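Read through the structures below before going on.
Across the two complexes that follow, chain A remains constant while its partner is chain B and subsequently chain C.
Up next, the complex of A and B:
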């Protein structure tokens, strides 16, 4: 029986027979359907996914005419930094890295980010950030998003002023833990608004609220409130990119527009993001490193398809290390990244990536 | 009330996070002269198992899980009075847990700590940005069975490798099971650095440790 090269969710190369790939696709879509209470992939969708996996070429792409726009998550920054065991570490400034994305890569949009990439960290050095960002804007024509995380975790002790729910809850101070999160939401919302308005004043094209929900439902709520204000009061384009496939209920009772945020899956998240006025939504589906890529991608496509069908705004799923069906591996293998991209666009109905 | 009804009510008290109700039920159960082990294993534990599944699926949230765990602990305290001495206060294993030095992300690790406590492990949560030496020191101090470290970032996960080395140098490595977790880690990473186990998420961590110590 012929075997096809694919990967595990940790990036390791594996070979699977057609029957094994079909089995994993079926199980992956079933898992998403059960968790999200959404429709499984149809027979034609699974056949299409099977064709993508059994294509003998290392690199695959979408059919002509089905190309989509690309956004990035601190792509220019990735050229500059060296984390010791990942990223590129080239001696470049932010402006040159952005110009490479514009003129070298031909990206549709790109991002500018502060080294820490959290709103709280940016606030005290905002003047310096604005100066460098304005320089990038004046030297390029590509739309540039300011990419930053709400990162509510940074507002809790010992990094911030509010009592840490992770310390309070284990000692039974549930009420205090919930109150602390509510206060943090207010502070974080204000910071995001303050920074976004300053960005608008220098001609920034948009803000990419990134890794939203990483610190739970409060993180998501603060972002939604900030987005609502920013869209009503500035001309900034707004992207909201999530941190994980479902909103972690660290509070559990927070609501936006009458909807409880905790436990929301992508097709539900997009509706509140849309309501807040955002222009683009970036769903995340987490990769399970012990499962195969066919299992993970079938799952990711199932969630994204439901999200795209529910949405009235463009959906740009996150495709990268450990998300969207891409393995949890520092340099994601191109044979997988291109298959994930094709599947999310052609089956998951993504408007961009 | 028949046995099934006792167990159903015990599970429900846990699921509702009803600490007073759980304590009252446990007292009445003992007064009826029934077996406390059965209520712990088939009633209270069943409630927490069901909640664990709901938490895993995003249908209930951390505060509810903690309140439920408190209700279960309070009821167990009552039932323990009737247990033989050797079974009182028995925990599955001692787990030293922390986020590796340099990494400030401790929400996931906190959830793992909560889930482990809920399932009967004795957890020593060292917090975040924990120096390697502190893991070793605590493991020695409490005579740990498991040392678990979490890393969210690829830039910090290398600390988990250094922890393995430090435990070997302290002569503890053969005595403890080591476990790595956090978004940046995989089973492959665990094998590469010589860790015994990888926990993909809180539920898997509990499941793997229960298999060894449960």
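Up next, the complex of A and C:
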């Protein structure tokens, strides 16, 4: 029986027979369907995915005419820094690195950010960030998002002013833990609005609220409230990119527009993001490193297809290390990255990546 | 860099080598899904949606419209000059161009 080269979710190379690939695709789509209570991939989708994995060529791509817009959440930093985030540490300024993305790599859009890409960390150095961003806007043709994380974790002790729910809950102080999260939501929302309005004043193209929900449902709620304000009061474009496929209920009772946020999957997340007024939504589907890429990608495509079908705004699934079917590895091998790209566009109905 | 390059080659439109930035503007400013955004831009440029990702076609189109090209030809629109022309061509508001126009009213 012929064997096909593919990868595990940790990036390691494996060989699989056609029957084994089909089995993993079936199990991956079933897992997504059960968790999200959404439709499994159809027979034709499964066959299409099978064709992608059994294509003998190292590199594959979408059919001509089916290309999509690429946005990102790191931009120049993938060249400039290296703090364990897979960047390469070249001595460059932000504006130079952005021009390399535009003119060297042919990126459709790019990103400007602060080294510590959390709204809380940006606030004290906002003027300096704006000065350099103004230069980037004047010298660049492609749209530039300001990318930043709500990161509610940074507001809790010992890094921030509010009591840490993770300390309070184990000692039974549940009410105090909930109150602390509610106060943090308010503070984080205000910081996101303050910074976004400053960005609007220099002619910024848009804000990419990134890694949303990393600190649970409060993180998501603060972002939705900030997005709603920004869309009503500025001309900024807004992209919301998630941290994981499932909104953790660290509070559990928080709602937006009458919808409980805890437990939402991508096809539900996109509806509240849309309601808040965002222009683009970036769903995340986590990669399981012990499973194969066919299992992970079938799962990611199932979630993203349901999200895209539910959405009225463009959907750009996250496809970095450890999400969207891409292996959880610092330098993901191109042979599987390009298969993820093709599958999410052609089967997952992505408007961008 | 292997990861973004792999995505770019597998499924990206191609930025200012082609019309990737223009399609992106329509998603960002009008919430257009990919096919609607491509149809809108193609109509404005008087090309087919498939042409939008073809560097052979788009190089001439971009140069003729003077909306920014990938190579550094002296005199072609760059930076905010190209952004201003793109805003006009696509009928959208680009915030830093609006700001420039306000600054010019002195």
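Keep this in mind: the second predicted complex is superposed on the first by the 350 of 353 C-alpha atoms of A that agree within 3 Å, B and C clash if a C-alpha of one lies under 4 Å from a C-alpha of the other, contacts with A are read in each partner's own complex, and residues count from 1 in each chain.
Keep in mind that, in the parts below, a contact is a pair of C-beta atoms (placed from the backbone, for glycine too) under 8 Å apart; a residue touches a chain by one contact, two chains touch by 3 or more.
In this text the structure is predicted, and so the values were computed from the model without any measurement.
Asks: Looking at the overlay, what does A:10 touch: chain B (first), chain C (second), both, or neither?
Replies: first
Asks: Applying the document's definition of touch, where does A:177 land relative to chain B and chain C: first, second, both, or neither?
Replies: Touch status of A:177: first partner only.
Asks: So in the superposed three-chain picture, is A:204 touching just chain B, just chain C, both, or none of them (first/second/both/neither)?
Replies: Only chain C is touched by A:204; chain B is not.
Asks: Go through the superposed model and pick first if A:235 touches only chain B, second if only chain C, both, or neither.
Replies: second
Asks: State whether A:342 touches chain B only (first), chain C only (second), both chains, or neither.
Replies: In the superposed model, A:342 contacts chain C only, not chain B.
Asks: Between chain B and chain C, point out the one touching more chain A residues.
Replies: When the residues of chain A touched by each partner are counted, C comes out ahead.
Asks: Considering only the contact definition stated at the top, list the common interface residues of chain A for chain B and chain C.
Replies: Shared contact residues on chain A (touching chain B in one complex, chain C in the other): 86.
Asks: Would you pull the chain A residues touching chain B in the complex into a rising list?
Replies: These residues of chain A touch chain B: 8-12, 35, 83-86, 153, 159, 166, 169-170, 172, 174, 177-178, 214-217, 246-252, 262-263, 265, 288-290, 322, 328-330.
Asks: What residues on chain A touch chain C, complex-wise?
Replies: Counting only chain A, the residues touching chain C are 59-62, 64-72, 78-79, 86, 88, 102-103, 105-109, 137-143, 200, 202-206, 235-237, 239, 279-280, 312-314, 319-321, 326, 331-334, 337-338, 341-342, 345, 350-353.
Asks: Would you pull the chain B residues touching chain A in the complex into a rising list?
Replies: Residues in contact with chain A: 57-64, 66-67, 70, 104-107, 110, 113-114, 117, 125, 153-155, 158, 183-184, 186-189, 200.
Asks: Along chain C, where are the residues that touch chain A in the complex?
Replies: Those in contact with chain A are residues 1-18, 20-21, 23-25, 27-29, 31-34, 37, 49-50, 52-53, 67-68, 70, 72, 78-80, 82-83, 86, 93-100.
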